[in-house]
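The block underneath contains the structure these notes are about, expressed in structure tokens.
Chain lettering (A, B, C, D, E and F) follows the sequence in which the chains are written, and residue indices restart at 1 in each chain.
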Amino acid sequence: MSLLDHLAILPVVLPLVVGIVLIVLRNAPRALQRGVAVAATLALLPLALALIQATGDGTHLVYKLGNWEAPYGIVLVADRLAAWMLLTTALLAVFALLYALTAPVPQPSPQTGEGANAGPTPTYDRDGRHFHVLFQLQLFGLNGAFLTGDLFNLFVFFEILLLASYGLMLHGGGRQRVKAGLHYVVINLVGSTLFLFAVGTLYGVTGTLNMADLAVKLAATPPHNAALVQSAALLLFGVFALKAALLPLTLWLPAAYAQTSAPVAALFAIMTKVGAYSILRVYSLIAGEAAGPLTGLLDAWLVPLALATLALGMAGAMASTSLRQQTAWLVVASIGTLLVAFGLGSADALAAGLYYLPHSTFATAALFLLADSIARGRGEFADRFESGPAMPRARLVGGLFFAVAVAVAGLPPLSGFLGKFMLLQAALESPWMPWVWPVVLATGLLGVVALARSGSLLFYRTHTAHAELPAPANAALAPVVGLLALIVGLVLAAGPLSDFTAATAAQLTAPQHYIDAVLGGAR
Amino acid sequence: MTLFLAVLIPFAGAALVALASRLGRSLSAWAAGGVTLASLALLAPLAPLPFAGETLVQQQDWMPALGLNLAFRLDGLALLFAGLILGIGLLIVLYARYYLSERDSMGRFYAYLMLFMGSMLGIVLSENLIQLLIFWELTSLSSFLLISYWQHREGARRGARMALAVTGLGGFAMLGGFLLIGHIVGSYELSDVFASGDLIREHPLYVPTLILILLGVFTKSAQFPFHFWLPHAMAAPTPVSAYLHSATMVKAGVFLLARLWPALSGTPEWFWLVSGAGLATLLLGAYVALFKHDLKGLLAYSTISHLGLITLLFGLSTPLAAVAGVFHIINHATFKASLFMAAGIIDHEAGTRDMRRLSGLWQYMPYTATLAMVAAAAMAGVPLMNGFLSKEMFFAEAVHIAEGHLGGWVLPALVTLAGAFAVAYSLRFIHNVFFNGEPADLPKTPHEPPRWMKAPVEVLVVLCLVVGIAPALTVGPLLAVAAAGTLQAPLPDYHLALWHGFNTALMMSLVALALGATLYLLRRPLFAWHERTLARLDARVPYNALVGGLVGLAGFITRTFDTGSLQRQVFLFILAALTLGLVPWFAGGTPLTGGRAGLPLDAVSLVAAAALILATLATVVWHRRRFTALVTLGVVGLVVSLAFIKFSAPDLALTQLSVEIVTIVLLLLALHFLPQHAAPEPDRARVGRDAAIALTAGAGTAALAWAVLTRPYDTIAGYFLENSKPGGGGTNVVNVILVDFRGYDTLGEITVLALAGLGIVALLQNLRLTAPLRDAAGRVWDADAHPVIMATLTRILLPLALMVAVFILLRGHNQPGGGFIAGLITAVALIVQYLASGAAWTHQRMRASPPHPNPPPHAGEGANAGPTPTAAPPSPQPSPRPGEGANAGPTPTAAPPSPQPSPRPGEGANAGPTPVYDSHPLLAWGLGIATFTGLASWAFDHPFLTSTFGYLNWPVVGKFEVASAMAFDLGVFLVVVGATLMILTGLGGLHRAEPGTKETR
Amino acid sequence: MIDTLLALLVLTGAIFTFIGSLGLARLRDFYTRLHGPTKATTLGVGCLLIASALYFSLRDDGVSLHEVLVTLFLFMTAPVSAHLLAKAALHLKVKSLAPTPADDRSPPPDAA
Amino acid sequence: MEALIALVIGVLTAGGVFLALRGQTFPVVLGLTLLSYAVNLFLFIMGRLAIGVPPVISESAAGYTDPLPQALVLTAIVISFGMTAFVIVLALKARAELGNDHVDGVQLGEDRQA
Amino acid sequence: MLDTVIPIAYALVALAFAMSFWRLIQGPDAPDRILALDTLYVNTIAFLVLLGIHLGSAIYFEAALLIAMMGFVGTVALAKYLLRGDIIE
Amino acid sequence: MRRLLPHPLLSVSLTLLWLLLVNELSAGALVLGALLGWLIPFATSRFWPEQIRIRHSGVLLRFLGVFAVDIVRGSFHVAGLILKGPTRLRPAFVEVPLDLSTDLAISLLANTISLTPGTVSARLSVDKRTLVVHTLDTGDAAALVAEIKQRYEAPLKQVFEEGDA
């Protein structure tokens, strides 16, 4: 076996090993730590691309951990969807990390009640201990979750990425952050409990944990077990919905994302997508066309909830009083849009959702990063929507804000528009169309209105500064530019990319291939 | 891809212009002009094609699968608009160069202008509807930037946002409309759409399609009731108004009417909706324009009115009306742009646009006045001007359409009335500004503008005249191709001439002129009446109320939903889970109880279960008596482990027991720093509600458990039982599953543990808590920190416990036990030392000795080639606590417990008074060993974590097993010890923080 | 014979275990209650463990002595627990039937 | 026996849920611990109840219970241990940052140490 | 002989368990509860030993050993909390 | 010697312990046990800085014998008291002055007292000179103190402390 045969596990093992190395290097010169962290994160890119390449022809790369056959051992399954998620994660991680390395932590404003501190402001990765370790292990958790083909293993990786995210979320501390973090942690712990109840029940009925095997077993569920497995599958949905922040389980998100540090919030842009991914992965397998009592299980739930989430997200964005808060609500809205696509379930809709997924990830991440620069540039006014001093380099930052806002609002010519276009087009065939269209279109408009108001307040309605404010460094803006470049890339390469997502969607709507690839050896 | 390039040039030019502005103000103007010319030059050679009756379509794949391609089209209509955009654009560039003041950033202005120009060109040259929409939205965005150009002005900001919101609304609606068209036709290409006109009109979705598209059109072209944004957009610099709000952007709406005319028009719905809105707008705009005191306000409403006129023409659905519409588009662009520029000149030179202050400017700027008068005459529809010609055609069509209908006089009467108002406001524009006595306290003394500021106006005014006098010679061919492009069909028979004889239309024109003059003469009573009545109606009020209401509603929803309360979140989550879990059962058909026989009940179990239930209840009831609750929780844990034992899970029992104790220790540590008395419950209703949902949740899980337990199942477990020994080399199947079959889970699990440790370390940073000096009852703590008897005895226990840990670790593969339990035993044994002898004492002793027993040699000699910790006692660590972080020097390395852990020189310098044992190396070693064991299988061409085992037979010792899984388990062991110690010592170290220490980052 | 001994040991053990808990439940102040579990229960478990050792030694033809370990642990830890609890009770001034000794007022040797 | 176990799980869950809904951090932690007991038991019994047949291979064994749920529970126990530890420390951190031990940082009634 | 004794022994141990638990609930003071918990641990050991003899399996031995160790640690920690508040100092 | 084998006694005990743990007496177990018995004291040597020296092994053995008997006696005694009922008890706190000085000996004494008839050592004074003992049923406090000193303290002092002071 060459290293290439281990391709499916490399994106998982690499961050783990690097995480361990970084624990070892915790007292080494900072440059070395950073170098290792950046190199490792960058290295995920070629790996993800190689996986895209390897799965591009429809192959399911099945990696049998411990060399045990499929339903017994744990398998990793890399298909187009997994590769797509990995690539998105890797790209996002690079920029989030770069930002953490270069941008200085904002001075705590008097409002947050922290004492003023003297001395040079550190960058985010120096604001607390173990940033890089936590960051790498977060990637370990994310990549593991995207690749696993085992339901319980998914739980384990959920926990890894959650615990790493707790550490990252609370990194640096502070009153509001700790409060938001406490909520985030507790609600997710309750969620994990539910995950176990659901997995347990599924095992108790089917006697298996492998997702492909589960799909087979569940499809053959006898009628006297129907409600039981439906119940379990819906509970599982509840867990994923919580991670995805689907209504009514949204409430943890706005505070958590708004209060954490900018690079972490940016990285978290992918976190809700894990929930969405899981919904897609699991229910495309166990609730597909020929899934016995589970057929169409989520049909009645997902779309209305996602639409409500979208609406609530936009309402929150309209009502927000600071940019970070608004961005957090926009994350909610974007997840709503994404899940509308997943909920519609047709191949076209899935393709639209999958195209929209990296877009919304990059766009909201960019907005988080930019909000941080803005907050720093406006001194004590931070990112609150109040008339404040004109920030230094307002033209440049304002221009970036405009571009990012266009992306987030889903306006042309950026990829958000294309995603929504694809989504609306796909919705045409669906009975949900009379609901999807008005909500998606109306919330799009609300997003424009809300962001126009924010931009106008932050950049236009200014008075002269009475104090010297720090200008945002190029280094802090570069990741934003980078993410924007990715979004532009999504537009320019929309053809091939949408073909890829269409192929991915086709793969997902025909789960039999997945099942055969995983169980082929055992049967 | 010439067309594509022509559209692209302004976009690229925007960047160029912005860059050029760094080199000089005029340079950016030159650059902007150059860009416009370049685009023009690119298009010019293609112009003959439409004249030859050809339609140029250029296409490039973008998202072919979705029907979205880069496709451009040059036909007559496109050519006309492209010409208008670029031609007038060029004039505006010139004009703005002189209009903008020193304080205004030229580069920004021209960059925005170029963006807009490119977007506008994109709209008119698009072949693909979705692509058209993209450019459509881009015009909204770039006009937002242009309107808010003077961002320090409140009006500009508001106007820009309003314009964006209203046109944005239209854009989103139009997206829907286009998608429906695409759905009906199967393509977004205009060529296909034109070919499917009948298909569209007969489709059941025709009406929604039409309404959605018209929403886009009406918002963009400021049609009633969406007209109100346009006057507010006048806060923009005048060149912007002249360009966007007369010649181009607002024309995008009517352009679209023209563009989709072949596909959508000809139905009653089209007729009523379009011409209705047009007529209303025509009248309203004309009426309001008369009463505006702001020059630009007057022009804005006039624009609205004329756009209504054009809309009305397209709404009439006859080919001739469409031709008239196209014609009026041209004419309106010329005269209105020139009027705006004239207004800008007046504003620029006189310092105000308020007609109540302006008057008698004729004597200061006669030349400008002349130009303005000619243009205003065109606006009023005075003969010899181009405005007259199209208005004539319009009147004729209005009469023609109304003929033969009951009440056929209504439409002609109304349009004549509108014409009269147009005459009146044009008169007012001229008379009020240039005559009507002397000017009153103007900010500046007016004078003629610079030469080149007038030039654009001159050009346009000349056009007005030339077209007005000799239409057939000048505009005739262009109108013909443009109209042909609109109709996508042979042109109707029409005749462009100044004189058509005495017909109805001429009569209407004359009536309008006379009536208009009368209206103007009667202006004083009219103004007074208007002030009292209709002036108070302002469309902005409902708009603001709507937006305010939306924001308020959004705030209300958000606040109602998101109260920032964790309890609410948890409540919602549990409610959601209950709903999800219960819903499937309502369908019926699934019995709760299955057919599997159960085990008989026995007394001991009953007692134990009763104790567990009571202890749980006690914990719940006494949760505010915290210490007691903790003790009862201990009982719960104990009975749970008993249950594990009872039902054949010794491994679980061992684990549960150890975890239980460590958790209690943790909770005790926490309890010390938390308030000792709980706050009272807020209200009984809350408690009742929570109790209800808790009981429901309990009942739900109990039912779920019951449902599963009473059902038989097939499991994959047989495989594990069969393969555990032959395949995994161990007889304890649970352990083999953990380290082998599902070793990957375990790797993840220890990562979680390590993460918990690391996360806690990060969390503890800067954490300062003051420990209470008295207990809950107010007693001072006992003075004896480390009771001698306890300390002595626990020291004896340590080696014993370590021995047991090694035993448990080694046997794990074959008997209940394993790395996790062994790790916890070790950690607990060390914790007892902390408990009994104190942190300082223990840390001192742990510095030089490994806190874990040296693993037996053979455990390290399996597949795992890594150095065993035997060789590597963790090196001494200085305090990693941040409080002591004042030491700037590099903290001594710790890191990989290398085989020769020689401490760096100078290390002792920053070792604080109470050294803290650093568990990081343990953690790193543990994770490292586990991961490396997994990776080692790569060397043997096996997947990650493939295990291997064998039997060795040594003299004296005898035969024993060596398995790579054991090395993995060793890793688990080390992580558990490391993480547990890290957590507990971190927490235990809290009190050492002096109270009141200032936090430092 | 052995069987009887075994049964006797088991029964004795169980009875002592019972009596220990009975004392815990019945006696009227903390300090007297402390005696039951510390001694009777410990011995009870000791008896049971000896029975177990005997049982497994007989059954599996080999000496089974690891029960001794548990006994050893118990005998080492039970008095320490009892001592600490008594100390804690004295500190907390728990109600006592016997007059409690005066507070130990001398300064602590290693006050933190 | 099955009914008894189901009842026990139900009670544990109910207690856990009730405590998780309290306002102070300490009962919430207690509640989470109870919930984890409940779910561990639940997951465990998914291998059905069996007495005296531990999954340790030996010649004399009468049979074996399903080992897989046990392995899963073991993993779950460890994970919930890590999580509990984290949330306990977080509760302390919140106490320090928020000044009281309410989950939302609001003051309800007295807090003697504040 | 053994077979008749074991159920009796079970019953006695169960009763002991119940009484210890009663004391735990009853209190009245914290040391009482800790003592009761400690006794419960010891009772559990007794139960485990009985179970071992009953089922003829030595597999429960480690659990007993562990309970002996862990019960001690728990008791010590709880008692120390009463004495000092801070248990690791 | 001390470097190579810090606590010979401990090592032997641990080896024995190992044999008990694995519950078999085989060459392999012995080797491994001895190895662990040798290694673990290294690991824990810092926790046990002082040498434990035992003199008068005979005294120790006799003490252990007395102790074992007393445990059984004590248990029966206490069991009897419990069964007789709570009203018959005459509990008391008795202060025992100590002659022992090392922590180990004091601790062992305290434990011995706790395990034997009707007594629990409740508190050690801070100066380690007095041990407060709670008794379940005391007739004569002085006699009890004397018995404790003679029966348990004297042998312990002989074994662990003679010649040290």
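Convention: a residue touches a chain if its C-beta (ideal position, glycine included) is under 8 Å from a C-beta of that chain, and two chains touch if they have at least 3 such contacts.
Note that the structure is a prediction, hence the values are computed from the model and not measured.
Engineer: Which one of the chains is farthest from subunit A, going by Cα centres?
Structural biologist: Centroid comparison gives F as the farthest chain from subunit A.
Engineer: Which chain's centre, taken as the mean of its Cα atoms, is farthest from the centre of subunit B?
Structural biologist: Checked the centroid distances; the maximum from subunit B is F.
Engineer: Per the centroid of Cα atoms for each chain, what is the distance between subunit D and subunit E, given in Å?
Structural biologist: 21
Engineer: Can you give the whole-Å distance between the Cα centres of subunit C and subunit D?
Structural biologist: Taking the mean C-alpha position of each chain, the two centres sit 30 Å apart.
Engineer: Could you put a whole-Å number on the gap between the CA centroids of subunit C and subunit E?
Structural biologist: Centre separation, subunit C to subunit E: 10 Å.
Engineer: Roughly how far is subunit A from subunit B, going centre to centre by Cα mean, in whole Å?
Structural biologist: About 13 Å separates the centre of subunit A from that of subunit B.
Engineer: Using the touch rule from the top of the page, what residues of subunit C touch 2 or more other chains?
Structural biologist: Correct list: 22, 34, 36, 42, 44, 64, 66, 69, 73, 76-78, 80, 83-84, 86-89, 91-92, 104, 107-108, 112.
Engineer: Residues of subunit B that touch two or more other chains: which are they?
Structural biologist: Touching at least two other chains: 564, 566, 570, 574, 630, 646, 650, 669, 671, 701, 704, 708-709, 713, 715-717, 720, 741-742, 745, 749, 752, 755-756, 759, 763, 767, 772, 782-785, 787, 789-790, 793-794, 797, 800, 804, 815-816, 838, 987.
Engineer: Note the residues in subunit E that touch 2 or more other chains, in rising order.
Structural biologist: In subunit E, residues 10, 13, 17, 30, 34, 36, 58-59, 65, 69, 72, 76, 80, 82-83, 89 touch at least two other chains, as defined above.
Engineer: Quick one: in the complex, what on subunit D touches subunit A?
Structural biologist: 16, 20, 25, 28, 32, 35-36, 38-40, 42-43, 45-47, 68-69, 72, 75-76, 79-80, 82-83, 86-87, 90-91, 93-94, 97-98, 103-105
Engineer: Within the complex, which stretch of subunit B touches subunit C?
Structural biologist: Interface residues on the subunit B side: 777, 779, 782-787, 789-790, 793-794, 796-797, 800, 838.
Engineer: If you look only at subunit F, which of its residues touch subunit B in the complex?
Structural biologist: Within the complex, subunit F contacts subunit B at residues 10, 14, 17-18, 21-22, 26-28, 31-32, 35-36, 39-48, 103-104, 106-107, 110-111, 121, 124, 126, 128.
Engineer: Per the contact definition, I'd like the list of subunit D residues that touch subunit B in the complex.
Structural biologist: Answer in residue numbers: 1-30, 33-34, 37-38, 40-42, 44-58, 64-68, 70-75, 77-79, 81-86, 88-93, 95-96, 100-104, 108-114.
Engineer: For the complex, give me every residue of subunit C touching subunit F.
Structural biologist: 16, 19, 22-23, 26-29, 31-32, 34-36, 38-40, 42-44, 62-66, 68-69, 75-76, 78-80, 82-83, 86-87, 89-90, 96-101, 104, 106-109
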